[in-house]
Every structure is written in C-alpha cells, then in structure tokens.
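Once you've had a glance at the structure underneath, I'll fire off some questions.
Order as written gives the chain letters A, B, C and D; numbering starts at 1 within each chain.
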Amino acid sequence: MEPLTSLKPLIAVLVSLGVVPILISSRNANVREAWTFGAAGAKFLIVLSMLPAVLEGQELVFIVAEVLPGVAVALRVDAFGMLFALVASSLWIVTSAYSIGYMRGLNEHGQTRYFCFFALALSATIGAAFSANLFTLYLFYEMLSFATYPLVTHHQDAEARRSGRKYLLYIVGTSIGLVLPAMILSYDLAGTLEFSTHGFLPHSASPVMLGALLFMFLFGFAKAGIMPFHSWLPAAMVAPTPVSALLHAVAVVKVGVFCILRVLTGVFGLDLLASLNLGVAVTYVAAFTILIASLIALTQDELKRRLAFSTIGQLSYIVLGAALLSPKGLTGAMIHIAMHAFGKITLFFCAGAIFVATGKKYISQMVGIGRRMPVTMAAFFIGSLSVIGIPPTGGFVSKWHLVLGTLPNHQWAMLVVLLISSLLNAAYFFPIVYRAFFCQEDQCLFEDTPKEAPLWCLVPLVITAACTILLFFYPFLFLRLAQLAGS
Amino acid sequence: MSAHYPALLVIIPLLASFFISAAGWLRPPWCFPLALTAMGGSLLVSIGLLADVIRGIPDLYWFGGWAPPWGIYYRVDHLNALVLVVISGVGFVNLWAARPTVDRELPEKAGAFYTLYVLFVTGLLGMVVTGDAFNLYVLLEIAAITGYALIALGKGRAPLASLNYIFMGTIGACFYLLGVGYLYIVTGSLNMQDIARLLAPLHGSRVVTVAFVIMMVGVWLKMGFFPLHAWLPNAYTYAPSPVSSLVAPLMTKVMVYVMIRMVMTVFTVDYAFGVLVLNEAVVWLAVIAIVAGSLMALAEKDFKRMLTFIVVAEVGYMVGGFWLGNRSGFTGSVLHIVNDALMTLCLFLAAGSIIHARGESRIQSLQGLFSTMPWTMGALVVGAMSIIGVPPTCGFFSKWYLLLGAVEGGHYGFLAALLFSSLVNVVLFFRIFEIGYFEPMEASHGGASHGHAHGHEAPAMSEAPLGMLVPLWMTALGLIAVGFYTGEIVGRVIRHAIPATMF
Amino acid sequence: MEDILRQIIEKDNYWIYITLMMVGLYAIIAKNNLVKKIVGMNIFQTAVILFYVSIGVKKGATIPIIEHVHDTAHTAIHAVDYINPLPHVLMLTAIVVSVATLGVALAIAITVYRRYQTLEEDEILKQIREP
Amino acid sequence: MKILGLIIVVLVGAVLEYATIDFPPLGDPASPASTHVSPRYIEKSIEETAVPNVVTSVLADYRGFDTMFETTVIFSAGVACFLLLRVPPSRRPQRASERQYRHRLTGLTFRIKGGAEVSLPLHEFERVDSIWTPYDFIIEKVCRYLIPFIQLFGLYVIAHGHHSPGGGFQGGVILGASIILLSVSHNLRIALKRMGERTSALFSPVGVFIYAGTGALCLILGYNFLDYQALAALLPGGPIMARSHGIFIVEVGVGMAVMGTMVWIFKNLASLGRYDEGL
C-alpha cells in the first residue's frame, strides 16, 4: 500500500502550536481554558480521523522541507505512531480539565505561560509520534526538552532551579552529547535516516560500531529513564502535578521510550540485532533498571517520588519487551505504552487530588485517608492494579504479552525478572491502599466525613480509572495497532 | 541593466555615503533615509546577483572596460553571491536597530555615523565580490578604518580597545599585502585567476609557501582566529551596541570568506591540501580555538563579552570545517558563514536592546528579564537555540555538515570539540535564562519597575523600543526560515561552489 | 661562500625592507607608549611600501614618462627603457591608506588621552583595573 | 613583553628572509613583474589614453577603480576624525575662559580675566590664543605672500599630472598644506575664516563624488563603470582624448577630496575637536 500524502499529520502537530498566540492574547482565565480545551479536543479528533486509514495499513505522509540530502523534515503516520498519538492526545483532554481544577485550587501564578508551554509540549509529542525519520524525531525530541523546562521549573523557587538544572543536564546533555553523534555516524554509514521496516543500517558495518551506536542511542534518549541517566525524573517531580501526570508519566517519558523503540525497529531492525545478539545486552540493561527502580521505589516516602521510580521501572518494561526480539514481546511492549499511560496518570491524578484537598505529600501522612477521600483512593487502587498487572485492569493484557514474548527465545531470566518486578510493584503500592482504608482507630489521621478534591480534579481521575478497566475488556484497538506495527 | 549589477552593488552605497556625509551638514534629517536606501539598494542588487548566479548567468564585470590582467574585474560566482546577500541583509536589518541608539547618543554626528556605517558595508561587499588581489586589500582597509572609528565611539575602554584593534588589524592587513607582493614578484600579475594560472608551475618553490603562510597569518589575524584573537573581545564588547551588532556578525565571517577565496582561487585546492601538509595542523588549531573560546566564554562575567568569545569559538568552527578538506566540511564551513552571521546578529541585537533598556550588561544585572522584557528574551532564546544547534534553527544544519565532515575526514578531535562547545553553549545560555527566569527584579533597578518578594505579579514591562524589537524578531524568524531552506541553499548554491578536485 | 655573499649583495633591498619591517613590528609589540606604537605601525607600513617599489626597479631604465614628439610618427616604445609603473600605482594607494590609518589612530589616541590623561599603556591598564 | 616581541620579530624575519632566496635579483629587467603585465601599460599608454605619464594613466584609468576606493579611504579617515574628536558646540562647558588681546600697532598684549566684559576697538586689537604663540612679524608676512604661490603650484601639479610626475593626490596635499601653513603661521581662527569647517567638510564628499560620479556617468552612457571613452559623447575629441579628459576630471576630483580631507583632519587633530585655538 503506497503511502498517501495528506495534510492531516501536519495539522495534528500544528493545532496546539497555533493555539499559543491565542492563549497569550486572551485576557481572562475562562477564555484561555476554553481555548486549551478546544485545542485538545481538535487534536484528538484529527488524530482519530486518521485512525481508519491506518487500521487498513495505509500510511499518511507529509514532507515539510527537504532539508539535507536524503533527509527531510517529514511526518509519517504509521500504526505505532498512531497508537502513541492516540494515547497522548486523548489524555491531554483529561489533563487539561484536571489542570484547570488543580491550578484554580492552588491559584498558581503564571498560568498563561503554563498553558502555552503545555500546548507546545503536546505539539512536540505528537510531532515525535508522527516523525518519518530519525532527524524529525530528534527535532521534536529537542523541542520537547526545551518546551517542558519552564513547566518543570514552574514554581520559580530555589528547588525548582536546582531540579531544572539537573533536568537540562541529563536530557539536553545526553541528546547533544550522544544522540547527535550517533545520528551523524549512522547517516555516514547509511546515507539516509528514513525509518524502514527492517532497519536502514547496512549489515556490512563493523559490529563494534553498531554496538557503540546502539548504546549511544539507548543512553542518549535519556527521557526513557534508563538507569544511569534516570535521576532527572524524580527531580522533575517538583513540577505541578498535572505536569508530572501527563508529561512525566505519559508524554515526555513515553517519547523517550518511543524513540528507543523506533531506533530498535526502524534504524537497526530486529534481525540485525538478533544476528549481532545485541538484543540480549539491551534486555540485561532494562532488567537492571526495572529491579533497581522498583527497589528504590519501596524506600521513597514522598508519594510522587515513589510513582516516579515506579514509572522508571515500567518504562524499562517497554524497552525489555522490544529487546526480546520476538513479535509477541514487541506487541506487549507497544501495548504497555497505552496501558501504563492510563494506569499511571490515574495514580498521579490521585496524588494531585490528595495534595489539593489535604496538602499532604508524604505517604506516612496518608494513614486513613480512604475514609476522607474514598473515591480518590478507589481510583488509586484501580490504577495501582493496572500498573501491577492484575486481571480486571488493562495492565494485565500488556504484561501477559510481555511474558509470552520471553518464551520463544527461551529467555527464562527475563521471565523471572518480569514476575519479581510485578511482586515488587505490588509491594510498594498495596501498603498505601491498605493503610488508607483499614487503619487502626488510634492512628487514623482523618475523620471519616468524606470531603473530596474539587470536581474538576475528581471527574478526570474517575474517567481514567474507568478507562483502565475498559481497556481490559476491549483492548482490541491498541492490540490491532500494536500487531500492525510489529509485523 | 542586470549586466551592471556587480558594479551597482558597490556604487549605490558608495555614492549614497557621499550624499549622507553632505546631508549631515546641509539636511541632517535626510541622513537615515539615505542610509536606508543605500542598504536597501545593495540588498536588492545582491538578491538580483544571487538569482543570476542560480540561473547560471556568470557575472563578470570589467572596470574601465579593460580586460582582466590589466584592469580590475569583479567575478560573482556561487560562493560569494550568498555571502553578498548575507552582508547586505545584516547591514539593512541592523540599520533599523541602530536608529534609536544613534538618535539618543550622538544626535549631532548622525550623518558621520551613517556615512561610516554605509562605507563599512561597502568595503565588505567589495571585498567579497572583487577578483583582484590588491583591490581586495584596499577594500579591506576601508572596512577596517571605518570599523576602527565606529568601535572607538563606545564608552569606557572603547578607544584603547580600538587602538589595539588598529595595531593588530594593520599588521594583519600588511601581512596580506606582503603576501600579494610575494605573489606579484613571482608571477607579475595581480588578478586572482591569472596568479593561479602562473603559479601552477611554481608550487614547489619557497616563495609560494611563504606567501601562503603570510597570507594565512594575515587573514587569521584579521578574523580573530584563536592564537591571534587578543583584540576581538575588547573591541566588540566596548563598542556601542549598534556597531558591535554590525561588526561582530560580518567582519570575521567575511575574512573567513577571504581565506576560502584565497585558498580556492589563488593557491588552488590541490596545492593547499596536496602539496602543503598544513591542513591537519590547522584543524587541530581550530579545535584549540573552539575549546578555548568556549571555556573563556564560560568564565565571563559580562554578557556581551561572553558573546564575543562565542564568536571566537565560531571562527574555529568555520576554519576547522574548511581545512578538513572534504565536501561536507567545505559545505559546513560556507553554510556556517551564512548561519553564524545571522545568529551573531540576533544575539548582539538582543544584547543591544537589553543594554538599551537596562544600561549595563553584567550577567548579574539580568534579573527578571523574562517578565520585564519577554519579547527580547524570546528572540534571545531562538538565537541561543541556534547557537546550541537545535534542529529547526539554521545553527543545527551547519553543525550537522561540520560533524559529518569531521566523521568523513576521520578527525574525531574536531567532532569532540564541536560537541563540547555545543554543551558549553547550553550551560552559557541557560545560566542567563535561569537568572532572567528565577531571580525577581531587585528594587529600583534603574527601570520603572518596583521591587517585590516572590515575583507574583509581573513587574511593569519595560521592553526595548519597537524600532529595535522588529529587526530582532525578523532575525529570529530568519534563523528558523533559513533552517528550513538549508536544502535549497546547499543544493542550489553551495554544492556548485565546491571545487571539483575536492573529494 | 662566494655565491652567498653575491646573493646577499644582489638582493640587498629585500634585507633592508625586512629589517625595517621588523623594527616596526618590534615597536608595536614591545613599546609602552601608544604614540610610539603608532610610529612603529607606520614604519611597518612604510617597509611594505619600500618592498613594492623595489620590485618595479629596472637597471638602466628611466621614469615611466614617455616624451613623445607630436609631429614624428611614434618611434617604437620598448618596455625595457622604462621602469615598471604598476608598483608605483599600488604604493600610491598604500601610502594613502597608511596616512589614513595614522590619522584615525592619532585621533583615537587623543580620545584615549582625553579619557585617561596618559598615553603609557601600563598606567592606563592600572587605571582601568582599579577605577 | 619585550622578549616575546624579540622572539616574534626574529621568527617572522626568518620566514620572510627564507622566501627572498627565490626572488629575482634587484632591478633585473627580465623579472616576471616587469615582463608580464606592465609592458602593455608602457607601450600602449600613449595609444590608448594619450597620457604620457604612464603612472597617471594606470592610476586613473587602467586601475581607476582602485584609486576611487583609495580616495574613499581618505574621505572615510576625514569623517572618522570628525566623528571621534569633534566636540559639538552644545556640549562644550560654557565657563568664560580668560582672553588675551594684542594691540596691532604696538604689539602690547592685554589679558582679560574670565567673564569680564570689556569694550575694545576690535579693529585695532587681535585675539591671541591662551597657548601663547610667538607673534613673529616676519613669518606672518612671508607666509602671507607665499601661500598663494604654493596654491598656484598645487593647482599646477594637479593639472599637469599628465605630463610630469604629479596628479590629484600630490596636488591636493600641496593645497591642503597651504591652508595648514596659514593656520600654523597665523592661528586657527584666521585659517577657519579662510576655509570654514563646513567648506572643508563638504569639499571631501564633493571631490570623491566627482570621481565616482564620472564613473557613474560612463555607466549611464552605456559603457562599463569608469570607462572614460563614454565621455566622447559629451567632450570634444575622439574616445582616446575622452580618456585623457576623463583622467583629468578624476584628478581634479581627487585633488579636491584630498585637500578638503587634509584640512579637515588637521583642524580636528590640532584643536582636539574644539575649533577654538590651534597649534
């Protein structure tokens, strides 16, 4: 099926970029929020309108400018890109609603700037999802790094400044220091940067060079939070919660993992990796990250930092799934992007709601909170089930495929790692839920008159919790997309 | 009419400068409009020349009707058509931004200022388009003398800095003149093509080697290439802001062009890279230039002085890129002349409007800039992105070619230096953005804004005048536009400029 | 040994211009007083002018002004009889340039003096370091 | 600093010296410089430009473009000195400085304290500058009579550039020197009376404009820039004579420019931009 050139991917990317001048110019808050909502809705609808074509295996292509010989700023919508774009744009609607409640609840300053950079970050995310070659991916990756810096350092205090510095050091440092040279070297080897189904790097290149390239890409995309370059994520928890919710659970980190998957499938190609058995090395790196992150999460008392480390662990699931080099593993990895997104965003919404309602950040202060905020904690429970991977929630589907993925190549070690880490996930989520609902009389810190967070916060987290359960029963959309991308 | 474009390119600003100087005495208000027509005219002519070159019409112009080796002739080819457009473009845009400062600081001598401004750009335009080695020296001196005078106008240490610039600049120009003399004594002709033809049999001789070395040292001295850059930081820092945003983007880039022209046309590429085994050493010199420039910029306390050290590092990019000796390196170097001129203009214009509004350029005094001057800082962010090398802006693409050239040439030292300098640029600019973003304005900071605690309500917006903001934003958007048009620029123009013998 | 001596004697003009240039260069670098540096710069430029003019010399040739008698047909003019005019033209320009640079340098030296009341570079730098 | 200077000087001297080994010996007629381009100038100068002085023909015609920019260099130096030094009248401190007058006939000098208003029959007195310039009757009178002849000689040098060594630059400098002699022998104010700042400031752009204007005129008349044979349409005589006339017009332009600039630079430098008292 030859690709169909259409303007839709470009409009999808530019719709939120276009809203920025309007946001700057609009005077009062309601108009501004209405515009953000409108932009989110419009983006989701445009992405949705491209879905039927993609489901039939059709690819939509749009070349913006032929910038370098053999390299163009070009957008291409394929199944994998569509999956990620769907997740990101749908959750932006929910998050924009949530951030209205959150920002009004704490009457934060600089809200116009907040919504503008939020829109910029989203356009970069969708751009990364639809990028046709490694160069456009790098372009949107950099744009995302710089667009999220003002969001992370929103509070403009000393701590925000330190974490902003760390955020930049890791993300921009590795992207310029590792990804740029790697891209140059691969362009030098292959002469092009277009993603192709089984990789564009020539098999004739020396294995040492290919290995070095792989690891430069792996650690270069620091947004994926692979172990040595992960500590920007907990530091970024200083940001307001909707930022942590959408960006640091769904958009930004997923772009990092999305790039790594694109590199593994589009740049190297699974058969090249298999022939050089580089896949095994990547699985060990991912496994190491999963275990260590889960262990550290156990020790974190601040709720958002625990969720952050849990995210680092979950991201490496996706990398692990892809590195198993089996079709099932790849499908599992791709679905996990969606499942984890919905699960983790619910958890972050709950954390935000707790902070808005009670001002509490630390888990030790949340004993018996279930009596005061039953709905929030119920959603928290569902979210944690999904992240752990227990049946009634979507997380189970992706974990199931990941486990199936380890079988064909007899990678028992990876199977064991998956199971242990699921246990660890349970170990750091269930105590929170348990202590929230079943506290002894003397230790309960909250009286049992229910007083939830404002509706603007509550409704989105209920929706996302419902989605996690819905995805368990009807995962066919994402499954179909993942299988299409895997083939 | 278009046959006369090469002559008109230089004559329009030259004649206009005489009218401006006379108008300075007779009708002072006419000075700025005359200067504007001069710059606008030369911009249109240079665009016309570029169009001719792209259409493949060679532009040869014999002055006085005499054939080349006897008379002086202008030759517009793929290489200098692009540089012409950049020079006249930067001159035109910067003139807009110069007006508020000139009206405020030297109202009576505006005529003289605009005369020297236009003559400076004329000198550069002539230098880029001339085909005669000695004529290039004369135009070099015009640009130099007007540059010295304009720089000496600044406050504080400007005269001393300009005097040092004169000494180093004169030594550089005389070395260049000596180089031309050595070539003349051995070949008997002053015309570049003619010298190349006559020089071919003499490639082994000592004179050609020494002439090459002297010319290179002279050109490097004028361009501020690392070991010979001592004059550049002071000269560009203490110059008045409209002058530094004119001289910084153009002077060094045109001298890089002169180096490329000399090596490509007079000494021919296979001599420079074949007979002489100099290019390895020069690339390592460029590596030192980049690293040293970046480190010194890091150590700087003054914002504008930091920018000058970035210019020193960028010169290292261009020289290193060219001396790699392969097609990508050459393309990267020429493209970087275009991109770096625009980037440096954007940064210095932003610095100029900050100094215009704040009165000083110490980095510590840049607090609360994002709230008081959001538009200027917005443009500064775009400029910074381009210097760091972030894709949509043009800075990335020239860095891409330079890196590719380094990889193809197997020169990993140069690759490491480029990446190191990009990372240092990130630190440099985000240090300033942090101060501008986090630290609130102190009380009574010269501006009308009042001091306050946590910066909750943004202090009054004391933006630079519109006259400076419009050119600044034109440049910033230009950076992104040129970024997207890199394919066109390289494909249509630079690719044809590469000498055939370059592998 | 003998041909080296001949070499030196035959090319004495180049020796002179090189020594003159080096004197100028030394003055620019080593001198402390700004005006002395300016004088050194001027010597440096004059040395280059001397070099160019010495290129044009021809043994047994007269100045390049051709006396032509109106009525008789043009007797053939041989280039050998006249010295090479081109370096002289070039050096007219170079002299003008060196005068212009000298003028501007002196003007700037005056502004330096007006601002620091001294022309000794070390005193100026001392004034700059501790205002 | 001195040792560094010595090292650099020795190094550069050695490099330059190294090249001279391959140079042709001094004055050898067969050297490439004398055989490649310049023979045509010498042999064809009369034929093509009817100017016996080959240097002037090369200067103003063959390489006329160079000379135009050379005049522009002079012009830009003049403007630069003005820009750097001239203290605009509005900015000068207004304290009345003490003034000195000299009685013409007796030679007695009177000093008026600052600010005091005294009514003096000015035609009998002449102002003496605070830097006491020795009033010397002989020098003043000799210069007074000499200057017109110097200027006449200057004009001769400009006009006679075709046949004898000379031309625009030399003539212009002589004319400039005559005005400078006036201000040296008398004082700057008298020189300013003869040639005010405005005239000298306008002389230089007009002079260079004559040069560039003639070139532009040739352009308009359809030939290349600075191709004087285009002037044949306006001036008597064939294209060859038109070249000679063209060269002459250009020499006049250069002379004006150089004179104006020399005087302008001298005034700015001598009076440090205040135009009140000179050397």
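What we mean here is this: a contact is a pair of C-beta atoms (placed from the backbone, for glycine too) under 8 Å apart; a residue touches a chain by one contact, two chains touch by 3 or more.
Since the structure is predicted, the reported quantities are computational estimates derived from the model, not experimental observations.
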Note to self: From the centre of chain A, which other chain's Cα mean sits the farthest off?
What the structure shows: D
Notebook entry, point to check: If you tally contacting C-beta pairs, which pair wins, C-D or B-C?
Noted result: C-D
Next item on the list: From the Cα centroids, identify the chain that ends up most central relative to all protein Cα atoms.
Entry: B
Next item on the list: Calculate how many whole Å lie between the centre of chain A and the centre of chain D, each centre taken as the average of the chain's C-alpha atoms.
Entry: 75
Check: In angstrom, rounded to a whole number, how far apart do the mean CA points of chain C and chain D lie?
Finding: 19
Notebook entry, point to check: Using mean CA coordinates as chain centres, what's the chain B-chain C distance in Å?
Noted result: 29
Check: Whole-Å distance, chain A centre to chain C centre, using C-alpha means?
Finding: 71
Next item on the list: Please set out, as single numbers or ranges, the residues of chain D touching at least two other chains.
Entry: 16, 21, 23, 31, 33-35, 37-38, 41, 63, 66, 70, 73, 76-77, 80, 84
Margin query: Going by the contact rule already set, what residues in chain C reach two or more other chains?
Written below: 21, 25, 55, 86-87, 90, 93, 97, 100-101, 104, 107-108, 111
Item checked: Set of all touching chain pairs, with the criterion as stated earlier -> A-B, B-C, B-D, C-D
Note to self: Give the list of chain D residues in touch with chain B in this complex.
What the structure shows: 15-16, 18-19, 21-24, 31-38, 40-41, 61-66, 68-70, 72-73, 75-77, 79-80, 82-84, 86, 88, 90, 198, 201-202, 204-206, 208-209, 212-213, 215-216, 219, 223-229
Margin query: Per the contact definition, I'd like the list of chain D residues that touch chain C in the complex.
Written below: 1-2, 4-6, 8-10, 12-13, 16-17, 20-21, 23, 25-29, 31, 33-35, 37-39, 41-43, 45-47, 52-55, 58-59, 63, 66-67, 70-71, 73-74, 76-78, 80-81, 84-85, 163-165, 169, 265, 268-269, 272-273
Item checked: Sites on chain B touched by chain C in the complex -> 134, 138, 141, 144-145, 148-149, 152, 157, 159-160, 162-163, 166-167, 170-171, 174, 177-178, 181, 184-185, 190
Item checked: Complex contacts: residues of chain B adjacent to chain A -> 385, 388-392, 397, 400, 403-404, 407-408, 415, 419, 422-423, 426, 430, 434, 437-438, 454-457, 483-487, 490-491
Next item on the list: Using the touch rule from the top, collect the residues of chain C that touch chain D in their complex.
Entry: 7, 10-15, 18-19, 21-22, 25-26, 29-30, 54-61, 63-68, 74, 77-80, 82, 84-90, 92-93, 96-97, 99-101, 103-104, 106-108, 110-111, 114
